[in-house]
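Encoded as structure tokens, here's the structure I'll be asking about.
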Amino acid sequence: MSSNRFILTLRCPDARGIIHAISGALLELEGNVFEQAQYTNESTGVFVMRTRFEANTTDVEVVRARLEAATAHFSPTITLRTENDLPRILIMVSQYDHCLVDLLYRQSHGEIAMDVPVIVSNHEACRVIAEQYDIPFMYVPVASGVEGSKAAAESRVREIIEEYRIDAVVLARYMQILSDDLCRDLEGRVINIHHSFLPGFKGARPYHQAYDRGVKLIGATAHFVTADLDEGPIIEQDVERVEHHQTAEDLAQIGRDVERVVLARAVKLFAEDRVLLDGQRTVVFS
Amino acid sequence: MSSNRFILTLRCPDARGIIHAISGALLELEGNVFEQAQYTNESTGVFVMRTRFEANTTDVEVVRARLEAATAHFSPTITLRTENDLPRILIMVSQYDHCLVDLLYRQSHGEIAMDVPVIVSNHEACRVIAEQYDIPFMYVPVASGVEGSKAAAESRVREIIEEYRIDAVVLARYMQILSDDLCRDLEGRVINIHHSFLPGFKGARPYHQAYDRGVKLIGATAHFVTADLDEGPIIEQDVERVEHHQTAEDLAQIGRDVERVVLARAVKLFAEDRVLLDGQRTVVFS
Amino acid sequence: MSSNRFILTLRCPDARGIIHAISGALLELEGNVFEQAQYTNESTGVFVMRTRFEANTTDVEVVRARLEAATAHFSPTITLRTENDLPRILIMVSQYDHCLVDLLYRQSHGEIAMDVPVIVSNHEACRVIAEQYDIPFMYVPVASGVEGSKAAAESRVREIIEEYRIDAVVLARYMQILSDDLCRDLEGRVINIHHSFLPGFKGARPYHQAYDRGVKLIGATAHFVTADLDEGPIIEQDVERVEHHQTAEDLAQIGRDVERVVLARAVKLFAEDRVLLDGQRTVVFS
Amino acid sequence: MSSNRFILTLRCPDARGIIHAISGALLELEGNVFEQAQYTNESTGVFVMRTRFEANTTDVEVVRARLEAATAHFSPTITLRTENDLPRILIMVSQYDHCLVDLLYRQSHGEIAMDVPVIVSNHEACRVIAEQYDIPFMYVPVASGVEGSKAAAESRVREIIEEYRIDAVVLARYMQILSDDLCRDLEGRVINIHHSFLPGFKGARPYHQAYDRGVKLIGATAHFVTADLDEGPIIEQDVERVEHHQTAEDLAQIGRDVERVVLARAVKLFAEDRVLLDGQRTVVFS
């Protein structure tokens, strides 16, 4: 199914004439711009841009060539795809299923424009959910304390990523820490949901940490995964009010609602190419 | 004090090439774009745009001529000013002073880039506040039930608008209803704060209406004033949670915080030319 | 499965000594109070209270007798049940399934302490969801424009309520208006989710109304159903921010997240006996 | 001006019969309870309670004696005062005046029921504000790097606390760190506003830290001051959404609105005896 609707992202050092160069190229393609957003980080001098447009061709390579020719002297990094060439997302999950259930519901109801060709888990608990959606479920166990088990699991994950031509990975409460190597190889392509308002309460049992500290709001954070645990660029966050009489378990329950919504928003933004990296920060064209 | 920084807004029927035409004109002016936002309403076919940029001249007429020449065939409506040519805002107020106090505090601390050359009130209560800020305070009473009193007051307001070269009027809890004529003559230039989440609770005593209805959130709405009471285009809204044990008076007190913040945000957005009309709706480039 | 944990609610005209009377009765039952909340509406003189406690017996009638004896001279209306005697909730739904899916997920994961013995719909669309949860699904069609069809459907609903010993009904996006008779007979026992921030945008197509009005926040309202459409006592509301570029369809999608959460909160509060009527308003002991 | 309206708080180990004992004492005083809230921390076994009531006497010692007699065997810690015996609050401030201005506005408009008999600052900047409200302004400088300067300043603050019979201190953006001794001596009586969502971004320049980390929400935290910097029990927190294009200075400006509101809420709650300590956490009866 071809389309003449495209999504372009571009990043380059800021310079005069970038927007003019692109709008010129689009004009030659008889393009209609539906959405355009741009941002210059004045402290780093980086320019980023996203445009969604309709052209007079369905041939992505024709469009790409035209845009590259027009912008070559800015040495940009460009991504370009037709709007219906959906990103292929691998969802990884452990035992908590609320984020997985939510993402699959939204994907199947057209709320998030992505493909989910395969689900990976280190537990069997979510197999039934994958089956309801007719999505292959790969059980890839990680035996704690067994030498080589984690490396073997990651090796299997890499094969699955290859086999299913995966564009990005969503850790939907996947409770294993990825190796530094895998983090680096998939940089900017792995989204995690952390169940706290980062940078508060990194690491384990954040709701218990939050209870002990007596915070009045709890939160969740969707971020890109880097080798530095819970320190990757933040995509989306939100919070919910809590009160003194609520236990750590109450906080966890309330928090699950925040996790669901925050991860869903982040994945949707990412799947629509609205999230661009800007060093340790993200630009989000919402 | 001249400046080579400009703010441009543009509205016209959507067509191919508008962005290209403007970016071309800016390139000729050796312009650096700091911020740009655009929006096409696909149902009405209206295109609107705002750009903040630096040019190689401080002469606004040179910039205007260049932009008009480049965009003439799109028949746009253009506003253009240097960034430091601040809008001149008349604040009108009755007895509740919280919005007035808040706006003057923000203006004087550089949070809202506007001039407030004069304050008008139908009561004397706020004179002391105007004096603290060395702003002329005009007492323009409206005697209820006295024929001609309101017309005379509006006539005086028109003179003040003329005399002080007022660009826009902010009704900061001004409790008189403007005449249809004045509303029409100042269309798109009068901002009101209504103390409810419109369209709920139009008209008088909205907090009492809200209490009686038992809503769980109360709100405030900043909107452009039209002849149709509380029906003008909405600029900004916000809400705050309330509980069953709070009386109508409690709601009014909580609501004042919402009113302050909502009006301040709306005035700031307006003063930075970020609010554009789109029929009965507003486009807000925040 | 018996329990010695109880939930008591009480309503009566305000008078000195009510709390003392109840705390005395609880002391005789060797009661430990886990939670207690009370509220006096000073304008109506109504006192309401909720207590969750543990007693020295599992016999609800013994506890009831003791409490009634202690409070008889206040002529209260009392509800009393053991904590594990869960309310039996009939969920009614049409074609939009997001609220149904959400309620069943929460019920099955222990987030809402209720039983859902049966689901009724005027469409077949949600049968597959009911089957996933092994809950009987009753298709009760309403033929629009066919005389008697609606009456027949309501008659069938009344039978189901009887047969399944239903305590309360949740309209989880059920798109039929209940008859005045049914509303009256089930007063205080039917919860509806309306997809707007009431009292704004009553009636049909609220997201389209909201788009046309250009509001900056959209909302949802869970309320008790009365014969007066969308005018029943409000249990819970919430809102989400929207922007000018979002279409009515975007608003509907964003709104579904608000609907889900608002209805779930309302049903959870109701199922824990935390919602008490106070005229046209609700007292919510959250 | 005497009153027969009282506010009682009580804390003791949880035990059967406390509520009954108090309601019995109130009954003997012919008390009408306007508000009552209680909470048992089941993990620590601590019971806390707040009651606002009207008695048949204006003599606080009569009421105290009755309550103490009734509850003696629970060994409670009790606070009792008439509702119009307002807490005397010392506000300390440095150069940022937004919190001071806000607190004084609210106090003078009856939104916060407290007395502010004196203001202390290590700068002269806010003297003019104190004068507008006719409140004595004490300039107590702290010379950085000068040995003994800070100790001398604290000594002066202690004198002022003594002289003005101060009940509690509010640090309204006071940029000096109190000594451990002063923190200990004033435990539970000093409220600080920290301009981040704790525990994130402790210490200096939190908005710059927040910008660098790329968070999507910024916040403010009102907390009791302890010797452990930014680690005291939290009273109130809130957040505001920010976007990638906002600089650290923009964050600081947006944050000031959050600081104002969060501190005002915390001080109001404290001034109404609604904040009780529960170890490192607070119980807030809002």
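Letters A, B, C and D name the chains as they come in the text, with residue numbers starting at 1 for each one.
Note that a contact is a pair of C-beta atoms (placed from the backbone, for glycine too) under 8 Å apart; a residue touches a chain by one contact, two chains touch by 3 or more.
Because the structure is a prediction, the values reported are computed rather than measured.
**Q** Counting C-beta pairs in contact, which comes out ahead: A-D or A-B?
**A** If we tally the C-beta pairs in contact for A-B and A-D, the bigger total goes to A-D.
**Q** Taking each chain's centre as the mean of its CA atoms, which one is farthest from the centre of chain D?
**A** Ranked by distance of C-alpha centres from chain D, the top chain is A.
**Q** Averaged over CA atoms, how far is the centre of chain A from the centre of chain B? Could you give it in whole Å?
**A** 38
**Q** Report the inter-centroid distance (CA atoms only) between chain A and chain D in whole Å.
**A** Roughly 42 Å separates the two chain centres.
**Q** Counting only residues that touch at least two other chains, what does the list for chain A look like?
**A** Within chain A, residues 245 contact more than one other chain.
**Q** Contact residues on chain D for chain C in the complex?
**A** So the residues of chain D in touch with chain C come to 16-17, 19-20, 23-24, 26-27, 30-34, 36-38, 40, 42.
**Q** Please give the residue numbers of chain A that touch chain D in the complex, ascending.
**A** The touching residues are 39, 197-201, 212-217, 219, 233-239, 243-245, 278, 280-284.
**Q** Write out the stretch or stretches of chain B touching chain D in their complex.
**A** 35, 98, 101, 105, 109, 111, 132, 245, 253, 257, 261
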